[in-house]
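Each structure below is given as structure tokens.
Below are two complexes that have chain A in common, paired first with chain B and then with chain C.
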Partner chain A sequence: MPTMPAGTLYRGKVGMWSWVLHRITGVAIFFFLLVHVLDTALVRLSPEAYNAVIGTYKTPIIGLAELGLVAAILFHALNGVRVILIDFWRKGVKYQNVMFWIVVAVALLIFIGFAPRHLAHVFG
Partner chain B sequence: MATAVATKGTEFEQMGAVPTFQVTLFVRRFNPEDGQEARWEDFDVQVHGTDRVLDALHKIKWEMDGSLTFRRSCAHGVCGSDAMRINGRNRLACKTLIKDLDITQPIYVEPIKGLNVEKDLVVDMNPFYQAYRDINPFLIASDKPEKERLQSAEQHSKFEDTTKCILCAACTTSCPVFWTDGQYFGPAAIVNAHRFIFDSRDEGAELRIDILNDKEGVWRCRTTFNCTEACPRGIEVTKAIAEVKQAILRGKP
Partner chain C sequence: MSVVIEQPRSPRSRKGANWEKYGWMYMRASGALLVILIFGHLFTNLFLGEGIKAIDFAFVGGKWSDPFWKVWDLAMLWLALIHGTNGMRTIVNDYASKEAVRKTLVWALWGICAVLVTLGTLVVFTFDPCPAGAAAELLPSFCPAS
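Moving on, here comes the complex of A and B:
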């Protein structure tokens, strides 16, 4: 008896996967903001503690995580505009598929512009 | 003369011969009485090039395993009884030609998702119908015309698309929001509300708008477009939901 998956994954198209990615990047950005608000609030309590915490961020691992953060924010922000257009622009529903690929293209373009500068900064 | 007819007959038979091929179907089985979990069962079926997935299921039920349970009624895409998940997408079994699927791979047939499975491919449709009932799917009009209520072609075109719904539940059970939140009205109920909200003869638009302007109403829609893709009648479901959202913001159709 061959082992089978519990059920097949629903094979949605661009609309479904863009929504899944929007959720994942949204949750990731939320956790970043949580940490970011906490570490920034630390400066009010003790500037020394703040400096110590920020100092620990200056490692290549955090540098790469920042790269991922920028990618997540780029997609989430641009796809957010796409979702707004689907809801409020009369032709948004018709062009949702094209708009998704525009989102990907623009996000990729900005990311390619950002990544080398950032990596040079992290590893330089 | 007789020979000519015979030759013609053979030619005709050859022309009309429908190619057959063997396909493997993985069908999701569940029997509430045997105490076992839902599981996949495979069937090798000899099918014609003109056969639909429903024909293959019939062949299994009639010739191989009579216990296979599924719904179907008209078998021609009108009644909306045989919505199921075929190769990971919601389809009507009677409108899906097997030759259009990748027959080098097994064909996966499962019940639609988000409603409780009763047996094999049969699900409990009651929550689905309840959401439909809740939007008042009937004409609400106070006037008493002597003959019919007149409407221009232009007025009709506003909701013509949503009159095509056959309540098969393919859209509602393709919705990721509905899978995790069964309280959500779902695309089908909103489509049928749309059919009356934008009908110039109807006077219940405000009532329906009020019903759908709920936490579990249209605002649950996350525009994944699964419903539009799944609809066997080609209704632009997500567009209809977007139009209802706009109507709610305006406060009128």
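Moving on, here comes the complex of A and C:
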């Protein structure tokens, strides 16, 4: 078994895991976007067709999946801002590690503000 | 097909436009705009009022009777689909080991993107919030009673 090299700047650290998370959330959001454009296009067909499909978005299981979608979007968006700052801000690289934790904290804060309200809509 | 990686210090051997650079710039420019557009979209559609429970044909009809939301949603459609497709292209380029597979997947991605951008744009521009013959209770309140 090869052992993991110690003391690298990137591997196994915040830099690597934020990249992994950015990819996974990006792919998930992409596939949702494909479905979302198609379901919204149903407004052109008939009110009944659109209402029938959008009705599934209000069911408990999809309602919970929406929480996951919002969490993915929150991380992807805020970590994207972090990536922009690393690329364009003079001190971006220096603060990339602390910025990751700010991303996680802000995403969590917004999520905590959103989740109870959304769950009340879905289950209320 | 094996991939040839140039020596790091070899002079640039590139002809034509540097599309990878424009792609890189596009991801950041569109990404910054999408943060605002999508957060606004989620706030108005999922947070305000009754959230997901309130979304139906009449809700969309009400929103798209305002040019502000038409422009907002069109911008989101174009920016997000191209951003997402380019991101998927990056991932395909990273993991597809056969050149033919990679090419096919990248073509498929841009094909899907073109179809959905066209479909979405047509829907926004040709949308009728008060379609003839539809049940009045499914339509926005401003529609004339038929």
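Quick note on the criterion: the second predicted complex is superposed on the first by the 113 of 124 C-alpha atoms of A that agree within 3 Å, B and C clash if a C-alpha of one lies under 4 Å from a C-alpha of the other, contacts with A are read in each partner's own complex, and residues count from 1 in each chain.
Note that in this section a residue touches a chain if its C-beta (ideal position, glycine included) is under 8 Å from a C-beta of that chain, and two chains touch if they have at least 3 such contacts.
For clarity, every value in this text was computed on a predicted model and none was experimentally measured.
Once chain A of one complex is fitted onto chain A of the other, the partner contacts of A:Gly63 are limited to chain C, with no touch recorded for chain B.
Touch criterion met: A:Pro47 reaches chain C, while chain B stays clear of it.
For chain A, the partner touching the most residues, choosing from chain B and chain C, is C.
In the superposition on chain A, contact is made by A:Asp87 with both chain B and chain C.
Comparing the two complexes, residues 83, 87 of chain A contact chain B in one case and chain C in the other.
Of all residues in chain A, those touching chain C in their complex are 23, 26-27, 29-30, 33-34, 37-38, 40-41, 43-44, 46-48, 50-51, 54, 57-58, 63, 66, 70, 73, 77-78, 80-81, 83-84, 87-88, 114, 117-118, 121-122, 124. Note for the complex: chain A touches chain B at residues 4, 6-16, 19, 83, 86-87, 92-94, 96. By the touch rule above, chain C contacts chain A in their complex via residues 28, 31-32, 34-35, 38-39, 42, 46-47, 50-53, 55-58, 60-61, 77, 80-81, 84-85, 87-88, 91, 112, 116, 119-120, 122-123, 126-127, 131, 134-135, 138-139.
For chain B in complex with chain A, the touching residues are 26, 28, 38-40, 85, 87-89, 108, 110, 113, 174, 176, 222-226, 228-229, 236, 238-239, 242, 245.
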